[in-house]
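Chain IDs A, B, C, D and E follow the sequence of writing; residue 1 opens each chain.
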Amino acid sequence: KDVTITVWAGGSNDSDAYRWEAIEMAADILEREAAIEGEELNITVESKGQFGNWQEFKQAVTLAAEAGTAPNIVVTSHLDIAPWSEAGYIVPVEEYLDLDAWPLNDIYPNLLEIAAFDDVQWGLPQDAESRPFFFWKETMKKIGYSDEEIAALPAKVESGEYTLQNILEDAKKAVDMEVVEKGYGFYPRPSNGPDYAQFYQSFGGELIDEETGKLVLDKKAMEEFYQFFADAVAADVTRKNHLGTDWGQWYKEVANGKAATWHGGTWHFGRYAQEGNQDFWNTIEFSLIPAGNEIGRPNTITHPLVYLITDNTNDDVEEISANLVKIASEPRINSLHAIQSNHLGIAKQQSNIELYANNRWADEATKRLLGHANAQPNHVNYGAYSEALFKGLEAAWTGTKSPAEAVEEVEVQMKATLGDELIIR
Amino acid sequence: MQRSSWLGLAFLSPALIVVLLFFLVPVVLTGIFAFTNMSTATGVKGGSYVLNASSLRALVDAGLPEVTRNQIESAGYRIDEKGLAALAGAHGQDVAEELSKNHAGEVFTKRRDVERALKDLNSNPIRKTRDRKAAADLFKRSILNQRYQSREAFETALNEAGIPKSDRPLITEIAYTGWTWTTANFDLLLSLDSTWQYAKNTGIYVTFTLAFNVIFGLFLAVTTFYLPAAQATTFRAIWFLPRILPPVLYIVLWRWFTWDTGFVSTVLSGFGYPSKNWMLDTEYHAWVTVVLINGFVGASMGMIVFSSAIRAIPTSMLYASEVDGASRWQQVWHIILPQLRWPILFITSYQTMSLLTSFEYIYLSTDGGPGGSTEVWALAAFHTALNNYGGNLQYGLGATYALLLVIIGVLASLFYLRLFNFKNLLTKPRIEG
Amino acid sequence: MKHNFRNWPVLLVLFIFSLPLLIMLTFLVVDTFTTKVPGTLVPNAFTLNHFRFLWTDLDDGSWGIYGVTLNTFIFAASTAAIVTAISVMAGYALSRLSFPARGFFLGSLIVLHAFPTVTLIIAIFLILQILGLYNTLIGVIIVKTALELPFGIWVMKGFYDTVPWEIEMAGVQDGASRFTVWWKLILPQVQPGLMAILIFSFLSGWSEFVLPMVLNPGTEAQVLSTYLATLLLDTNANSDFNLISAVGLFYALPVVIIYLIFQNKLMNIYGGGTKG
Amino acid sequence: MRISIKNFTKTFGDTTVIKDMSLEIESGEMLALLGPSGCGKSTTLFSICGIHRMNAGRLQFGDKDVSKRPPQERNVGVVFQNYALYPHMDVHANIAFPLKVRKEPRTEIERKVREIAALVHIEELLQRKPSQLSGGQQQRVALARALVRKPDILLLDEPLANLDAKLRLEMRSEIRRIQQQTGITAVLVTHDQVEAMSMCDRIALMNKGDIVQVCKPKEMYDNPASDFVAGFLGNPPIAFLDGIAKDGEIRLANSEVGLPLPSNITAPSDGTQLRLGIRPEFFQPQNDLKVTGKVSFVETQGREDLFDVTLANGAILRSIQSRGGDIKLGDEVTWGISREHILAFGPSGERL
Amino acid sequence: MRISIKNFTKTFGDTTVIKDMSLEIESGEMLALLGPSGCGKSTTLFSICGIHRMNAGRLQFGDKDVSKRPPQERNVGVVFQNYALYPHMDVHANIAFPLKVRKEPRTEIERKVREIAALVHIEELLQRKPSQLSGGQQQRVALARALVRKPDILLLDEPLANLDAKLRLEMRSEIRRIQQQTGITAVLVTHDQVEAMSMCDRIALMNKGDIVQVCKPKEMYDNPASDFVAGFLGNPPIAFLDGIAKDGEIRLANSEVGLPLPSNITAPSDGTQLRLGIRPEFFQPQNDLKVTGKVSFVETQGREDLFDVTLANGAILRSIQSRGGDIKLGDEVTWGISREHILAFGPSGERL
């Protein structure tokens, strides 16, 4: 039997090639398994990992699914599960896979949970990560921190002793002392991403109400979160026009100490090395995203990508796809991706894989961050929620609106697009 | 009808078909979409009927009695006679009996539990996962998480599950995943500040770019007209390049030119200016770049139209003005410009339409930034309907944006048609046979 | 009338205005063949490494440059051919033949230009999908054709308008049918227009970005614009500007060459098209 | 082939260009449609060949009613003012085109093209493109193309207007020769009186969509039906004197001078507005009916001199004389009018 | 203002259009530049007004060398063939333009425009746009515009070419009147011999960038310097007979017929190629030097008839006669040549 399986992976860099190569390896294994069972199975994997950006990827998948020509397997944000399942674009992996069997029973349950929606296991986690806060050690020293104090920072952050307000102060100090240039005291991500929800959480904001499953707009937290960025701009520690900075440029700058503090993802570890910073451990310190105030908590968001199986008229194809995804989730195969792209593993046994276990970054990041990580909620309208959240931030950040006004606008927008699915606090 | 009429219609028909399919039908469809809540989640083609945890919550909010909710939630997987009989049929009496012995009458909430029960069987003849799942499904009595493609199928299922008749309409309504009619898009559009911001941005964009196009196009046409042929051709070629260069590449060049590490910054840093992003530094920077990027492209069109219009002015007229004593400036001002009235009007109207509906270059350069300050109407429509980070494509809202743009564009072009005295363009065919 | 004035002030002003373009283009070429120290503008070594995409595959998700180039060529060439064929017929009908509602058709042609086709794309997508042409090269070709058509017809009509009626009359008088007259006598007269449309729509197709991006996201039929955009928008570590420039140069070279060969014909396009 | 036009009316939109015109053209005859610009000459021509549709009226070729036939079926050869050669075809292909669309066999085409090319003397030009031909040569090619398929009728729309003076003279006789040689019925549209008079058997003079007079050239020159006709024909043009009838004479306006009326007309009643037409060749020193005036304009035209003589009342008479006299501007002269050549016109311009 | 052109040469790229031409035009004179199309008339004119630059040579207005001056500074009025009126300005603005660019005060402009409008009789047209004017009216406006700022020199480039026959006649005298009234030095470019002869004091006949002859019209007609000049002037054109000199006679080609040479020339040596020019008015029945031939062409031109007579050797003589004879095509006639009017030309066309 000849089957062609197409795989599309969004938001991928070159180092993420194992997202689809894993499927190719799995295909090989599956073919062999079938051969043993006396079936001749011939799987051709066609993969595409090159998309301009997340926007284009999602648009492409959506339209393709609408046209009935969706790729069989997509690697995408877990947030897409809600709308795509609602629209009927994807089928649950649990239709084809035994979740109690190897290797699925080895996957961290909380990650599996993230790939589920409405109690249905729609997909399988493809990787894990987390989004830490970074400090440039050299700069911190110059503004008066000792090595020990720096080493103690992650703990102070975790305990809530060191907050975002301290970040502002230190960043300001760095700028005022001209250790870094204006606008480089705090150097956030230059485009929309899950990271910004972290800051909302830092000020006590909740994304979803566990009880009712509705999204939450905490106006006070939102305003304080916006205020924080407005303050950062006002204090010259962050550039007003920062959003939209070229990613390549951004990486280069943070990797080489041009910024005092910033935030990013666990995969940055590898990227910094590519940008010329081979000595991460001695130059950069990382921690959770600090709390913003007393109500808030230090936190980090993990935003795993997931393997999803799309709806296909042929159930056999869906089954083969599901099995490929399953095999690709085996610790050994997944570790290839985790280490190559500096993501975190998805399964417990990966710590027993030498490749993975020997990697200090994977090890430490897992320990320091993953325990505190939460994910954004799978909700049909979370996309609209996050769009609105970011739009408000942009307005406050660039000064087109005051934080309060921005929150007003966000409220209007969210009310209109989310309707009953929103709780305003 | 004359024979040439048939030939005329025949000649026109390929164009008509293409235009109908890809201009008129889309406009009509867009008009329709504008009155729906269509989005990624609803799909475009219509939906199916699903009850799941989310819709159940929504149902409760909408007033579904607790009893019914419990009834739906607790239906689950029941090891009953009917299921066992089916299982016996599929996998043999032994299996059915053993399962019956272990779990008869039990209700499992999840299929996974049924699967486990099946796996735990001593005989365990069901080795393949897929078969086991099929076997487990024989006991399924819940309608949760089940996709029904048609209303009838869903209602039949509700009926079989014993849902009270009075609750069914509400359940059916909420379980529907497809789009529904609404005028909310228009209300939303009007209530959002950003709408007005987009309108304002579009105004700025069109006005300034247009002004640049026309004025600079004129400037190029007039100056190259006076230059010797070789120089004129060179400059025309340079200015034609923005138009023929692929937009993606053209924007790459601009980025390289304006970005922090780009040409301007590098050169200025030589003079001690801190390098910055000249494209996105402030709103003003962004606007200047956007206008220049589009202006450079548009100017070439103006240049060519005006150039050919100037060339169409009889040289004797220019000679006449010279022997009449006019200086070059007077010649341009009194003789050339007045005679370019129609080309200028043409370019103005043509470019107004083009600019109103274009966003490609903005999308590739600032993408509406910084902070949405260069987000024009067409780009907003594109972002809303097709291109946002959240991946929830709001087709309905996007169509509303597009529809308004269509209306404005059509009105504007009708206005220009009047201005052009359209009848004059239409000469009657001279062969009547 | 040209010699009576001094040219250099005009030349100077033109030169200053053209400087950004000149710089961009110069460095585009220079960058692709050289390396340089970051933060400087002067190259320090010659290299052909930026053109490695010509002999190695850049990534695993796409076809490699030659396949993409072939797609782009097919896309542009077919678009050009279809646009020209249809415009040549419709332009003649609008210019020369009488039939009911002729004025209406001519008017709509101008109004069509005001339709933001690209924002109507959902609907277009739907139609393509019904026709089974979504995510195929043919689909994008047809949509692109539709987009170019109003302009093409308008230009062709302008060219037909300039053909003397007497030629057509003579043909009819010589006993030829209107079709023969068109095919044998009139068409050869509007060849410059035909060429102009052909070239122009080819260039336009070659450059098109949004349509392939939205309507043709698959791998089989990727075109150069999306290929380049992918390199550009990617947050890749090795998103290497010189490489992008090299691909860009490779991408732009055909259009520039075509332009240089046919520039007179292109300059022509508006002459014929904007009468009145 | 005889052409007969009956009650022909042609309108463009709201404007009626030709109203109720009737005209007969004999077989083998060459008729000139002469008239000022915009009088409807081309419209008539185009209606004959079928490019325009007649709004009313009947058109017959021989006995056949062709009013409703499309141009392709009328078998009419037309030569257009700008020749309308097909610029992308060489001369041979141009001439062969009418045969080719009729799908005649190649050898046949070849033979006919050669034959007609010989007739119009362009054998050596067959391989050239129209743009490589001079005006006269283009003219011949157009003629050849119109004639090659042996049309029943030949129509010529100002065929000489674009040629220079010398060539025009030459082509005039050339066209006439060919027409006579082939014996084809021909209609020549022109606004040049010399052309009409020198080339055609008969002239139909048109004015504002109407035929004013149809007759032989000489007759039209000698016996114009109205002052319009008299004014249109003749170079230098005829001079007019306005006056009123009094005692069988005509009393000139603003003057006491009286002139006798031509002898062959019945004198109109006194007080009638009259107009006398005197051609320059009939106002000469040797004639008897003397008139005195001042020479107000002198022009040398090579072998002849032209004089304008302004009479006391401001009216102007014109005289053309062989060169030799030494009359200068401002001289007072007393020259005579040839009484029997005076043309008299009534109040509405009709010939008396 | 006197115009003096010395050794003027003009090239366009590689082609030399005018080579080493010299010409003097007297103050107040009206000179015609006559010649066939493409001979360089317009080029000369444009060089005088400064639109073209002279490649070599000197141009003087009066005593001032203006060779290097731009057109704006030459103070020359030009009337272009197509009038070159500014279509977006009304007549008033058109005429006022030369004054406006000199920033003259408004009242002054107003006065001058009125004045010149009166001179050319277009007072009532001042508010119209050029497109609302007839050809003759446009012509007058162009003239007014050229004259309004009192130029030293008036240049006219085929000003009458686009007018119809009647209007041309009228404008001819009108332009001459205005030129004489203002006393301006004028150069008229034309390829119409009648125009040149009737309007100008002197004619400069050009051929291929060279001036062939400059003199008074009558003299040029009577005493052409070459066969080119003789052939160019005269309507109907002169007829030529080719032959060789023999015994003080000329023996016609392919024939035994001999004709005597004009008495006022020295007979060339025997065997010289000769050419005789005989104007149609000098080949008449009553003349003495009889020649017999067949009438091969007859043309009625209103008051005169034109005959072509083909001699036995195939040469053609032309005769123009007053109407009245009843000579028909094919008749054999024996008419006479006026011996003293025969023009004889040598082998290279020069007048003997």
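To be clear about the criterion, contacts are C-beta pairs under 8 Å (C-beta built on N, C-alpha and C of every residue); 3 or more make two chains touch, one makes a residue touch a chain.
Quick caveat, the model's predicted, so the values are computed rather than measured.
K.L.:
Along touching chains only, what is the step distance from chain B to chain C?
P.N.:
When the steps are counted carefully, the minimum from chain B to chain C is 1.
K.L.:
Could you tell me which pair, C-D or B-D, is linked by more C-beta pairs in contact?
P.N.:
Here the pair linked by more C-beta pairs in contact is C-D.
K.L.:
For which chain is the distance between its Cα centroid and the global protein Cα centroid smallest?
P.N.:
C
K.L.:
Approximately how many whole Å separate the CA-defined centres of chain A and chain D?
P.N.:
A distance of 93 Å separates the two centres.
K.L.:
Once you find the CA centre of chain A and the CA centre of chain C, what distance in Å lies between them?
P.N.:
Their C-alpha centroids are separated by 40 Å.
K.L.:
In whole angstrom, how far does the Cα centroid of chain A sit from the Cα centroid of chain B?
P.N.:
Taking the mean C-alpha position of each chain, the two centres sit 26 Å apart.
K.L.:
Of all the residues in chain C, which ones touch at least 2 other chains?
P.N.:
Chain C, residues with two or more chain partners: 1, 4, 169, 172, 214, 229, 232, 241.
K.L.:
Spell out, as numbers or ranges, the residues of chain E touching 2 or more other chains.
P.N.:
50-51, 70-72
K.L.:
Going by the touch rule set out above, which residues of chain A reach two or more other chains?
P.N.:
Each of 56, 59, 66 in chain A touches at least two other chains.
K.L.:
Going by the contact rule at the top, pick out the chain C residues touching chain A in the complex.
P.N.:
Per the stated touch rule, the residues are 59-62, 125, 128-129, 134-135, 213-215, 217-219, 226-227, 229-230, 232-239, 241.
K.L.:
Okay, in this complex, where on chain C does chain D touch?
P.N.:
For this pair, the touching residues of chain C are 164, 166-167, 169-177, 180, 184-185, 188-189.
K.L.:
Please name which positions on chain B make contact with chain C in the complex.
P.N.:
The contact residues of chain B facing chain C are 1-9, 11-12, 14-15, 18-19, 21-23, 25-30, 33, 44, 216, 220, 223-224, 226-228, 231, 233, 235-242, 244-249, 252-254, 256-257, 261, 263, 266-267, 269, 292, 296, 301, 304-305, 307-309, 311-312, 315, 318-319, 322, 328, 342-343, 346, 350, 353-354, 356-360, 363-364, 378, 381-382, 385-386, 395, 398-399, 401-402, 405-406, 409-410, 412-414, 416-417, 420, 422-433.
K.L.:
Sort out for me which residues of chain B touch chain A in the complex.
P.N.:
Result: residues 39-45, 47-48, 50, 52-54, 57-58, 61, 110-112, 115-116, 119, 129-130, 132-133, 145, 147, 177, 184, 187-188, 191-194, 255, 259-261, 274, 277, 280-283, 285, 366-367, 369-373, 386-394 of chain B touch chain A.
K.L.:
Please name which positions on chain A make contact with chain B in the complex.
P.N.:
Going through chain A, the ones touching chain B are 54-56, 58-59, 62, 66, 76-77, 79-80, 82-84, 86-89, 92, 94-101, 118-120, 181, 191-193, 212-214, 240-241, 243-246, 249, 319, 379-387, 390-391, 394-395, 397-400, 409, 412-413, 416-417, 420-421.
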